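My questions all concern the structure below.
Chains here go by letter, A, B, C and D, matching the order in which they are written, and residues are numbered from 1 within each.
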Amino acid sequence: MQKLKVSIIGSTGYVGKELVKILMNHPKVELVYLTSSTYAGKNIAEIFPEFLNKLDKKLINLNLDVVSQDSDMVFTALPHTVSMDVVPELLKKGVKVVDFSADYRIKNSAVYQEWYKKELNQISKGLLSEAIYGLPEIYSDKIKDVSLVANPGCYPTSVILGIAPLLKYHFVEPEGIIIDSKSGTSGAGRKLSLNLHFAECSGNFKAYKIVKHNHIPEVEQELSSIYFSEDDNKYQEKGIKVSFTPHLLPINRGIFSTCYLSLKSSKKEEEVLEVYQRFYQKAPFIRIFKPPNLPEIKFVAGTNYCDIGFYIDERVGKIKVISVIDNLLKGAAGQAVQNMNIMSGFPETCGLV
Amino acid sequence: MQKLKVSIIGSTGYVGKELVKILMNHPKVELVYLTSSTYAGKNIAEIFPEFLNKLDKKLINLNLDVVSQDSDMVFTALPHTVSMDVVPELLKKGVKVVDFSADYRIKNSAVYQEWYKKELNQISKGLLSEAIYGLPEIYSDKIKDVSLVANPGCYPTSVILGIAPLLKYHFVEPEGIIIDSKSGTSGAGRKLSLNLHFAECSGNFKAYKIVKHNHIPEVEQELSSIYFSEDDNKYQEKGIKVSFTPHLLPINRGIFSTCYLSLKSSKKEEEVLEVYQRFYQKAPFIRIFKPPNLPEIKFVAGTNYCDIGFYIDERVGKIKVISVIDNLLKGAAGQAVQNMNIMSGFPETCGLV
Amino acid sequence: MQKLKVSIIGSTGYVGKELVKILMNHPKVELVYLTSSTYAGKNIAEIFPEFLNKLDKKLINLNLDVVSQDSDMVFTALPHTVSMDVVPELLKKGVKVVDFSADYRIKNSAVYQEWYKKELNQISKGLLSEAIYGLPEIYSDKIKDVSLVANPGCYPTSVILGIAPLLKYHFVEPEGIIIDSKSGTSGAGRKLSLNLHFAECSGNFKAYKIVKHNHIPEVEQELSSIYFSEDDNKYQEKGIKVSFTPHLLPINRGIFSTCYLSLKSSKKEEEVLEVYQRFYQKAPFIRIFKPPNLPEIKFVAGTNYCDIGFYIDERVGKIKVISVIDNLLKGAAGQAVQNMNIMSGFPETCGLV
Amino acid sequence: MQKLKVSIIGSTGYVGKELVKILMNHPKVELVYLTSSTYAGKNIAEIFPEFLNKLDKKLINLNLDVVSQDSDMVFTALPHTVSMDVVPELLKKGVKVVDFSADYRIKNSAVYQEWYKKELNQISKGLLSEAIYGLPEIYSDKIKDVSLVANPGCYPTSVILGIAPLLKYHFVEPEGIIIDSKSGTSGAGRKLSLNLHFAECSGNFKAYKIVKHNHIPEVEQELSSIYFSEDDNKYQEKGIKVSFTPHLLPINRGIFSTCYLSLKSSKKEEEVLEVYQRFYQKAPFIRIFKPPNLPEIKFVAGTNYCDIGFYIDERVGKIKVISVIDNLLKGAAGQAVQNMNIMSGFPETCGLV
């Protein structure tokens, strides 16, 4: 069988590196080009010696003509507001795209502009209606038919998957949702920053971007869409608003979201378990923990799983949900490959653990 | 000047060790006895080589007669439900006591029994009316006159100090308070546990005791007392109930509490700052951070400070408060010495950093 | 094709767990029994939730009749001095064995007794001549024909692989070899120990078993055998003696050995590189780093590789060799599977990364 | 009593910060100026919130006239090859200096030039004869009379203190000394570096600067001087040469040096203990561990101690010495204050723990 020809634009960040690791062993993929503006001309094993004897591949500068000509699918791991200049070119040449930036995640371009401080270009605005938010557990039916998938953010993946069933079945109030998330440092990427130095992070814990983290709009868009089950426009007027606080964990990888919601009425554990199992019955990467068992980051690190547990706090009428993922896998590269699998008609779990 | 003669019952846990470190350098204290049921007969420097050349002191088995005869003040670092058998004996002999257990923290002995699964003995029930909850920022006026201080739990210290001013001045609703706390592993003590092994904690993060952590009753008792400004009995009927979730951080020491409260009405940063500064104007170990600055665990590790920051989230009508302490110092040994200083007429900060 | 039926005796230690992870995905293996004296009766996913949705297998108590009847190959992950009572029974019933203990590593049973403080039983003494030390990079020709492989210790694997070529080609003196090794905490296993608690290891580093680590005899046996190229008995009189110091790293997994040897004569980098490449030309899991590149633990963590680098220190006539492995994989479970592959005629790398 | 007026040039690196922490509580010091080229104009508590409520001091740009006019003593925490342009100016104005750079450590300016790739300026060459290498355990008699102390490097402090007694009393051969050192990441300073990011260091361990670490010449100079007990010139021809390998530990602070030396003749533990105790009888910050006890980094972290332990490895005729310090304290700021104390006639331990 002909293998799918895949290239990666931006392959030497932490996400790009994970993507290479998955794709080089994916049985249905041929890795074509790896681009890197920083390390072009070097072999990837010079940058990441982990690849020695495993992958012999030179990094190249991005040339859209070359990349699109030889690739069936391209992963664009570019910064927010940069992808919009690259993705339309690829699509125009018939290449399918999984984009890691936020540029095609937000359906309302005014909201995008408010949070990302840049206007989406015209051609990209036109693409918003065809781009699908790449959360396979919710949108797999649509993902299989599209050419452009907007791969979700890491925090939103953990949060949306964690509480979607409760909202879908109206077990909880849409107001007053509180999300307390904690992420490993790899989530901040490989850019130089004193705040990310070992001597600064080790033995420490802190909140950051407490004011307005730009993952909020996609969380609110998707939660509103799930709860209101209507057209996305409603989100503007009466959409769900969450209180979201990200924190920095002194670990390498993993996201742990503790979500607090108000139950509409008293529920038993079995009822809650049942709606989770129903909602995720076809989702191979979701594991629901039966109370009092709870997920931990080490259970999902290095995997594409999202583990979810909960506790009904009857004393205060709340339900606490804990949702954990590996930020680089289910929160980025793994989920992107899951999307690629669905877009390409491969088994959803192919090449993933 | 005659120094205060001080003994420690239970001196080889993590809290006991910190207490020894502080007291051996305290200018107004003479360390008399250190007891340890596990290591009696050994020198403390054999157990903790940190003390080599600094402290030459043999650990002894607990003998209440001897300890009480030669001590003006005793710190009892014993497990919950064990202190109640020791503390009354010490008080009877005229020794002042700072007790680290929960036995004298909960004013309502039925609530104590519900959470700690043991009935308080009669003599200890009788002591509840004279024991003072040892949070000097709130009770220093009473602490200076008593013989028995119930040193607060580590989580409660961070939580109560973090949000007391907002409740005192009725800036926030007493319902729906959510506390998401994270603690370093030293908070779990030195007892053997596979869950506390490096190979289990490193690179991991998890919630624990999510159902009913026994620090909840003292948090609720104190918050209710602050908000309702009435007699403690009211706490039973209409007291504040909090949703509290503790998590285990892969760090050695420190507690970080993220608290979510609903504002009664829109407030400006300056107004909030003002009530915090007013409430803590005489508190030498409280530091209020002006937004957007926020506390981090590393700012307080190794100190007796409680650092507090906040953010008004107007989008959802909430205020988020972050309160951090060193769990072994302000959360235990440091606060105990602060109480001792007040009880003894020493400057409140004496011997503390 | 009929799959190889494999069982694991002692499957819930850190090594057993890694072994299960590899074997459950191994394309030529059917996992039959997992034994555990501690957790018999439970599902392995109850002990290690990582296995949820991946492996549904009940842990059983060891029953040698049952295990040997239904297994072609058994991995025995038992303590030193315990394996000797189990392995002969398995062999007698025609089962092939890869044993993780030291019981069959030491050719001279008097040396074994000296270091492990117990006499090898008679039947096991008789097995010493047929047991092969399972270092495939050196003994693959013999491993493919035997029924009993003594899987090497983790430190010895890193040390022997690191310096074997230099000894083989007599580039270095056999005297004065110094090995300074550092290991992650998983090397100490899952037994309860205060020394392994996070609060004790985090931010710390220390040497341990500095006097006589029981990995020394196998290192000396193998290095002598390589250098003297004669019968093993010579090792007694004029064998190589090494100075070996293990240290505990505050990381989860990985061994890093820094080896210091005296060059017999001045050598160029190319000459050294050449002997390493020649020695390991058929070894798929050895990666030689060209100076000034050097291996790091993160390059091999989670893999079966042994990465080796070196530096010729002309100022002092020494060569420094750095050899790193994942202690749980190339140092234990991965190497065991590599041995199983060779013993079973599978490709050496099958199921390993 | 008039306090000593002290300023710090370069106060916002990790060493500078520790120095401020010590000096602000030093009973005999008045902190005058803190300079910082990066943060001039800001309050030090804005850079390091740890100082909130403790130290209210504005950082200034370096002005040598102002600094020298108002200071009795200045600590220069400047990069190697930069100090040489500043220190002579300070001395000229009658200010005493403790310099943290290597510029005045190496008595032979040709050796300095070889290792630091820059020629020492003329005036600094002239100062070499009066500058004293600031290791108080060896040079306290000279330190008390000089105006310029060259504060030792962190690695050299641990190494020289660790093995000086063995060389002094000729217990060991001067050839073949091997030093395997491990340092926490704070030793690399606060400069931006991807290699120092948490995501790169966490769970990792590596060697670095294996070829020629510039701490080697001062180690060799001092060890030679101790062993040969002659004029420094001899060091050129027949001086001690060490094999030194530094490694990066995933911890914040601490240096652990494992030193391997050949015994000239068989020695008993008591004999070795005796020479250590004799050599360090007046050294308040040295703690000698009686075998089999060994130092660990956590025993010295946060203190000015150097803890030393050893093991006589009779099997191979070697002695292993373990020497540990806190790299920021005994390896830098603490030792500098110890030197200041001696230079100023204060008790050697004043202000230090």
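Quick note on the criterion: contacts are C-beta pairs under 8 Å (C-beta built on N, C-alpha and C of every residue); 3 or more make two chains touch, one makes a residue touch a chain.
All figures in this text were calculated on a predicted structure; none of them were measured in a lab.
**Q** Find the chain most remote from chain D, comparing centres computed as mean CA coordinates.
**A** Between chain D and every other chain, the largest centroid distance is to A.
**Q** Does A-B or B-D have more contacting C-beta pairs?
**A** A-B
**Q** Could you grab the centroid distance between chain B and chain D? Build each centroid from C-alpha atoms only and quote it in angstrom.
**A** Taking the average C-alpha coordinate of chain B and of chain D, the gap between them is 39 Å.
**Q** Provide the C-alpha centroid distance between chain A and chain D, rounded to the nearest whole angstrom.
**A** 48
**Q** Find every residue in chain B that makes contact with two or more other chains and list them.
**A** Each of 200, 202-203, 250-253, 295-296, 298 in chain B touches at least two other chains.
**Q** Residue numbers of chain A touching chain C in their complex, please.
**A** Residues in contact with chain C: 25, 49-50, 52-53, 202-203, 284, 287, 289, 293, 295-296, 298-299, 302-303, 305, 307, 353.
**Q** Give the list of chain C residues in touch with chain B in this complex.
**A** 14, 184-186, 190, 192-194, 196-203, 250-252
**Q** Which chain B residues qualify as touching chain A in the complex?
**A** Interface residues on chain B, with respect to chain A: 176, 178, 180, 182, 200, 202-207, 210-211, 241-243, 245, 247, 249-254, 256, 258, 260, 262, 292, 294-298, 301, 311, 313, 315-316, 318, 320, 322.
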